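One chain, chain A, appears in both complexes that follow, with chain B as partner in the first and chain C in the second.
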Partner chain A sequence: MQVGLKIWRYDSATGDRALREYEIEAPEEATLLDCLDIVKERHDGSLAYRKSCRMMICGSCGMRMDGAAVLACKTRMYDIAEEGRVPVISAMGNLPIVKDLVVDMDPFWAKFKSTQPWLQPGYERPDDGREYRISQERMNVIHKEALCINCGCCVSECNAMESDPEFLGPQALAKGMRFVGDPRDGATVERLERYNQEHGIWDCTRCYFCNERCPKGVDPRDAIAKLGAESIRLGIDRDMGAKHAKWFVRSAETTGWLREEELIPKTQGYVAAIKQLKFGASLARHGKVRPIPFPHTANDVDEARNLRKLVREQDRDGALGIVQGERALGRLEHGHKDESLEEIYERPGAAPRPWLPEVEEEASA
Partner chain B sequence: MSATETAMKRVAYYKGCLASLSAKELDSSTQALAPMVGIELVELESVTCCGAGDIHEAEPDYYLHLNARILAYAEATGCETLMTVCNVCTLNLRQANFMLQGDAALLGRVNENLETVGVPTYSGGVEVRHFLWEIAEGEGYEKLKDVAHRGLKGLKVAPFYGCQILRPSKIMGFEDPDRPWSLERIIQACGGEAIDYPAKVKCCGFPIIAAREETALGEMIQPIEQALEAGADVMVTPCPLCHLSLDAWQQKLEASTGRAFQLPILHLAQLVGVAAGLEEAELKFKRHIVDPRPALERLEV
Partner chain C sequence: MIAKHDVLVVGAGCAGMRAAIEAFDAGADVAMISKLHPTRSHSGAAEGGINAALGNAAEDNAEIHAYDTVKGSDYLGDQDAIEVFAREAPGDIFQLENWGAVFSRREDGKLAQRPFGAAGSPRTVYAADITGHVLIQVLWEQVCKRDIPVYEEFFAWQLVENDGRCQGVICWDLLHGGLKTVGGKTVVLATGGAGRQYRVTTNAYACTGDGMAMALHAGLPLKDMEFMQFHPTTLYPTGILLTEGCRGEGAYLINKDGERFMKRYAPNALELASRDVVSRSEQTEIDEGRGIEGSVLLDMRHLGAERIIERLPGSRELSMVYAGIDPIYEPVPVRPGAHYHMGGIETDNGGATEMTGLYAAGECACVSIHGANRLGGNSLMETITFGRRAGRSAAEWALTHTTVEVPESAERDAEARLRELLDRDEGERPWKVREELGNSMLENFAVFRTEEGMSRQIEILEGLRERYPNVVVEDKGEVFNSDLTQAIELGNMLDTALCMVTAGLVRKESRGAHARPHDYPTRDDDNFLHHSITRWKDGGVELSKSEVRFTHWEPQERKY
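Our next item is the complex of A and B:
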């Protein structure tokens, strides 16, 4: 098939920048990475890009296609070529460009390293000399985070990092959650204290670009929410972001609706909020806030209050509360939300059923 | 044929926190516009805040139950659609809905809890849809074309989607999150000119505006600056949180940059409302910090 590509060429040594167009002949099964190889081998040997495994596991070939971060080796070109589209290929965002499609990953690795992405053992070995075993339920908490291949596609599009370049970012925090949620790790509180600092989890602006772009289904935004939930569960809630989040809970159980007018002082503290009085007055002039807030209470709010009391007794607080929906949402992602697992594996040509301990236990029970 | 002569679509209407308080103009314009585009709003009496991203982050199990309670009351109205007018409510409710619909054991546990506190149980039979989706296609769009006869006559409108109506696309699923079309289609149907700019799908900064104001303003400046450079007269958004940051915090952006932007921001129901001839009593533009009326008065109608 004929594939057209427009590639942003850049040389940081000279500052030269140009959009070059290439027209190549590629096999129908070609990925974007295959196409770049063809460009480099047959058309222009000076093109620079990173690659290694070619099978979506090394994380080297993150780049942008039409402005969206992708793994080049995961991106099939057939449909695009059929449509006659000529996509624009450029380097990932939020990282300095070295040459063409190659970015400087040093800031990425520095943030990653600062989260101490290794196990700091803090568990007692069982007396019987056998290995330390973790329940499936506990592993579910970090299953997705463990899939991260450090490609940087999430970081490329992070809106908060564009505005605050020091933000630890979705990749580093997702890996942080991988260890916070590991029951063998002994540094949970120290980690959470670190991730709760100025450029940590409460910098996340919830734009969900990271979930959208991650080629491995890690869902970094959900990992950051898990870190927030674990922080609040353990009483690490000094950051304004944590106070902001807790005010929504307080509002829901007292009046049902968000007590909007008290949100700024409850987040920033009453002393700091005095600086906002002029701003508040401008909102009051237009009826956005009322000079004296009075409760605006939802009907049957006692139900919402009792619901909170009830669920807090059921041991699904913190990250466990988030992962209980992951299986359902995962099925949604793979386009079979109306099918059960049984039905999926019984489909003609379905992949063989993987070994699942819980299935075996159910069968033998 | 006028819109009222054909069958109305009954939807359970979840207005959320902002439209109940700081963005009352969103509620009044939605209430006025809905019947004109064939939608009958059944207001929910016993619902609470969806928790924004905040309860989902602070106490996720409580988030799920609060949203299940909203879904249960919506189902109890007999409507198949729960209609939202806010991006954040849309994500929260759709996410909770898919969690419950896709996991029978989870639905069972949540229903048991709902019953204990006296809430009707939820069977999973409601679909959560934003007002934008209701009028961007199908019956709603056909009626919109009929009622938008007053027209926006060449008004240059910058569509601003915000985040949580596009992403995560597996939960939203209405349109391509990188090449959305719904707002543009509505703007054009109302006689306006939709201008294009890259930041229309990016974040307005609102979720962190109280805790990280500087970072939030660094995000917010992008759509405002780009829309003005592209010649926008006004901006329209389907989300009252985006509206609040872009409208109310614009003065802080002006103070910190020393520039005068004065870009009026309209709620979606207001923009269509202008084209459909709604009056100030329903549009309530006086509640905006940046008054859109001077830009709209230039329209030749």
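Our next item is the complex of A and C:
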């Protein structure tokens, strides 16, 4: 197939930046990485990009295609080529570019290391010298976080980091949850204290780009939410973000709706609230302020209260309220139940079908 | 020389990181050199698991593990090394777990173990089917904890031998450009395999045998190089690995007629015979016209969605992304693909090589645990157990010796050679040579080998080696010049490939991964129960042999 690519070239020595277009011939099963190889081998040997495993596990080839972070080795080009699209390939965002598609990963690893990403054993090693005994169910809590391959796609897309370069970022925080959620780790409180500081979990803007773009299903934003829930469960709630979240819950379980007039004093404190009296007056004009001693109670408030009770009864306060024993890769949908195989492969966006072997259904009996 | 250390580890996969951690804990000043960031190493792509006789799933002990390994090696493994290996493996696994490795668990909370090929007991500890990833992560975490420096994206090119011992490594700094020499009282090579010599391989682009070639060019012996393992289940058409764990969990191999053909080749072990046996069976089916487009089918449908999603999520994802097939609903096309070098740099049980101060561990080394055929799950374990042992020996030697000196002439010579390569403006692009190497190795030195094919391959390799000095590097820049490093890697692959085929040609028998069904279909213990040793001499390969070390087990016929 014919594949067209526009690649942002960058030379750090001269600072020159240019968008170059390449037209290549590639096999139908080719990925973006295969196409870059063809460009480098046959058209321009000076093109720079990282690669290694070509099977979505080493995390080398993170880059942007049409502005969104992808692993080049995971991106099949068939559909794009068929549509005649010529995608723009560029280096990942939020990290300095070294050359062409290669970024400087040092800031990424510096944040990673700042979270003390190693197990700090909480209790003595098992006295028989063997393994810790932990149920699989308990280990599933960190299943998704343990899948992270450090490719940097989430960091590339992080909007919070774009406005605050010191923000710890989705990767480092997901790694943090990998230890906070590990029953073998004994430094939970210290870790959470660290993530509750400035540039920590409460600075996430919840744009969900990291979840969207993670090629491994780690869902870093969910990890950040779990860290928040664990912090509050353990009473680490000094940050305005924590207080804000807490007030939502408190408000819902007492009156069944969000009492906005109390949100500012509960989150930012009474002094801040007095400074914002003008805002309060505006709220009042729109009928949003009820007299605080006699708040309105929603008709179906019991539903909200029962929900809260259920969470408590099931002991799902904290991260466990967010973990559903999910298996990240299990969410992949591609198989067929009611459709014929032909329909599957003709579906828009389906991977190209190499060939379909004829196998008797009884074969495996 | 930009820096010197007590112990310098080259390569930062499982073996390299484990060696560095051990050397650090022994009190040495240790650093690592790697052409990739450590977590990018190809150990991370290992899927199925790591073998240790924990006895969690069924009765097991080190002796059975050792016997299975000896038998799997077709009696070419060194039995004293294998005994050390099987005995120390469980302790190493518990240590990894205590460090935080996220292994899969049994209901009672102990580590789960799954059956693997040619193993007498379910012995393979695993983390779903991303075991290598989990190990790479936990080792990297421990490296971070110890703050061990890593010369990242340094391409190791040449060993520095001075005063009869290895004292450092000359590298190309990929990120900034320029040759940089790092000194070490001892050097541990842990650079992995060279599967990229083949067009169809499970290996990463980085697996180009750099360490083996460095040792070879420094005059060291490479052992048993003819034994290249072909993994039975690599995905069509890319060669990407689908773990043996698929078969461990119960998947079938079927031919185009829907027949479970393994019952004709290994009536007892079926799909879980050792890898050489399964690969040969598949190749026979394909050669005799019962394959489909050069593949057979791996059928997991009967395992059911839940088990596939829980135990084999990575394999499912790989099948879906690279073959467009969901194994829950359809069988997956697979074929044998180059996977693992049983051979490598000859070492003793402590990782020491013939050169004072130089050690080796992992796939680039040959202790030899694997002999003529490696069992699935034994290589990850080898990286840990022998990575640790090599790190310990290297640190102990380094701590009792003091000086590091790199003669200026070594750096000057390297610079001159590099300039010659970089300054060449006209010639052939390396990819053409690489492509011919990959195709011809697959044709003439794969699952089945013939006298004629191997002779032809030697001629082809000589031809490619003649063309190699004329390859041209297009990128003349200093920053991230991967065009340059890829050209150097090609040279490494050509020389190590020549060792493999030369050793293969004179081994006139069929043993383990070296199968010659047409001219020498049986094992010949009278004439070939010895290791092949290849050395570099006058720009060519010099062959010799060495004894296999026996302890308890006499060679027997191998049946599964």
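Following the convention adopted for this analysis, the second predicted complex is superposed on the first by the 290 of 365 C-alpha atoms of A that agree within 3 Å, B and C clash if a C-alpha of one lies under 4 Å from a C-alpha of the other, contacts with A are read in each partner's own complex, and residues count from 1 in each chain.
FYI, a contact is a pair of C-beta atoms (placed from the backbone, for glycine too) under 8 Å apart; a residue touches a chain by one contact, two chains touch by 3 or more.
Note that the structure is a prediction, hence the values are computed from the model and not measured.
Asker: Now for A:Ser163: first (chain B), second (chain C), both, or neither, which partner does it touch?
Answerer: first
Asker: Classify the contacts of A:Glu190 with the two partner chains as first (chain B alone), second (chain C alone), both, or neither.
Answerer: After superposing on A, A:Glu190 lies clear of both chain B and chain C.
Asker: Touching A:Glu131 in the superposition: chain B (first), chain C (second), both, neither?
Answerer: In the superposed model, A:Glu131 contacts chain C only, not chain B.
Asker: Would you sort A:Asp66 into first (chain B), second (chain C), both or neither based on which partner it touches?
Answerer: first
Asker: Counting contacts the way the document defines them, which residues of chain A are shared by the two interfaces, the one with chain B and the one with chain C?
Answerer: After superposing on chain A, chain A residues 327-329, 332 contact both chain B and chain C.
Asker: Over in the complex, which chain A residues touch chain C? Could you list them?
Answerer: It comes out as residues 11-13, 29, 40-42, 44-46, 48-60, 74, 76, 98-100, 102, 105, 109, 112-113, 116-119, 121, 125-126, 129-136, 139, 142-143, 146-147, 149-150, 179, 182, 184-185, 327-330, 332, 334-336, 341, 345, 350-360, 362-364.
Asker: Okay, in this complex, where on chain C does chain A touch?
Answerer: So the residues of chain C in touch with chain A come to 36-37, 39-42, 44-45, 54, 91, 93-94, 97-100, 102-112, 127, 130, 132-134, 137, 141-142, 144-145, 175, 204-206, 236-238, 240-241, 252, 254, 256-260, 292-293, 297, 299, 301-302, 305, 309-310, 313-314, 316-318, 320-326, 328-331, 333, 429, 431, 473-483.
Asker: Give the list of chain B residues in touch with chain A in this complex.
Answerer: 17-18, 20-24, 45-49, 51-66, 69, 91, 95-96, 98-103, 106, 113-114, 116-119, 163-164, 167-171, 177-178, 198, 202-203, 205, 207-208, 210-212, 214-219, 244, 248, 251-252, 286-289
Asker: Which residues of chain A touch chain B in the complex?
Answerer: Of all residues in chain A, those touching chain B are 66-68, 159-160, 162-164, 167, 202-209, 211-212, 219, 225, 228-229, 232, 239-249, 251-252, 256-258, 260, 263-264, 267-268, 279, 282-283, 286-289, 296, 298-304, 306-308, 310-312, 314, 316-322, 324-325, 327-329, 331-333, 337.
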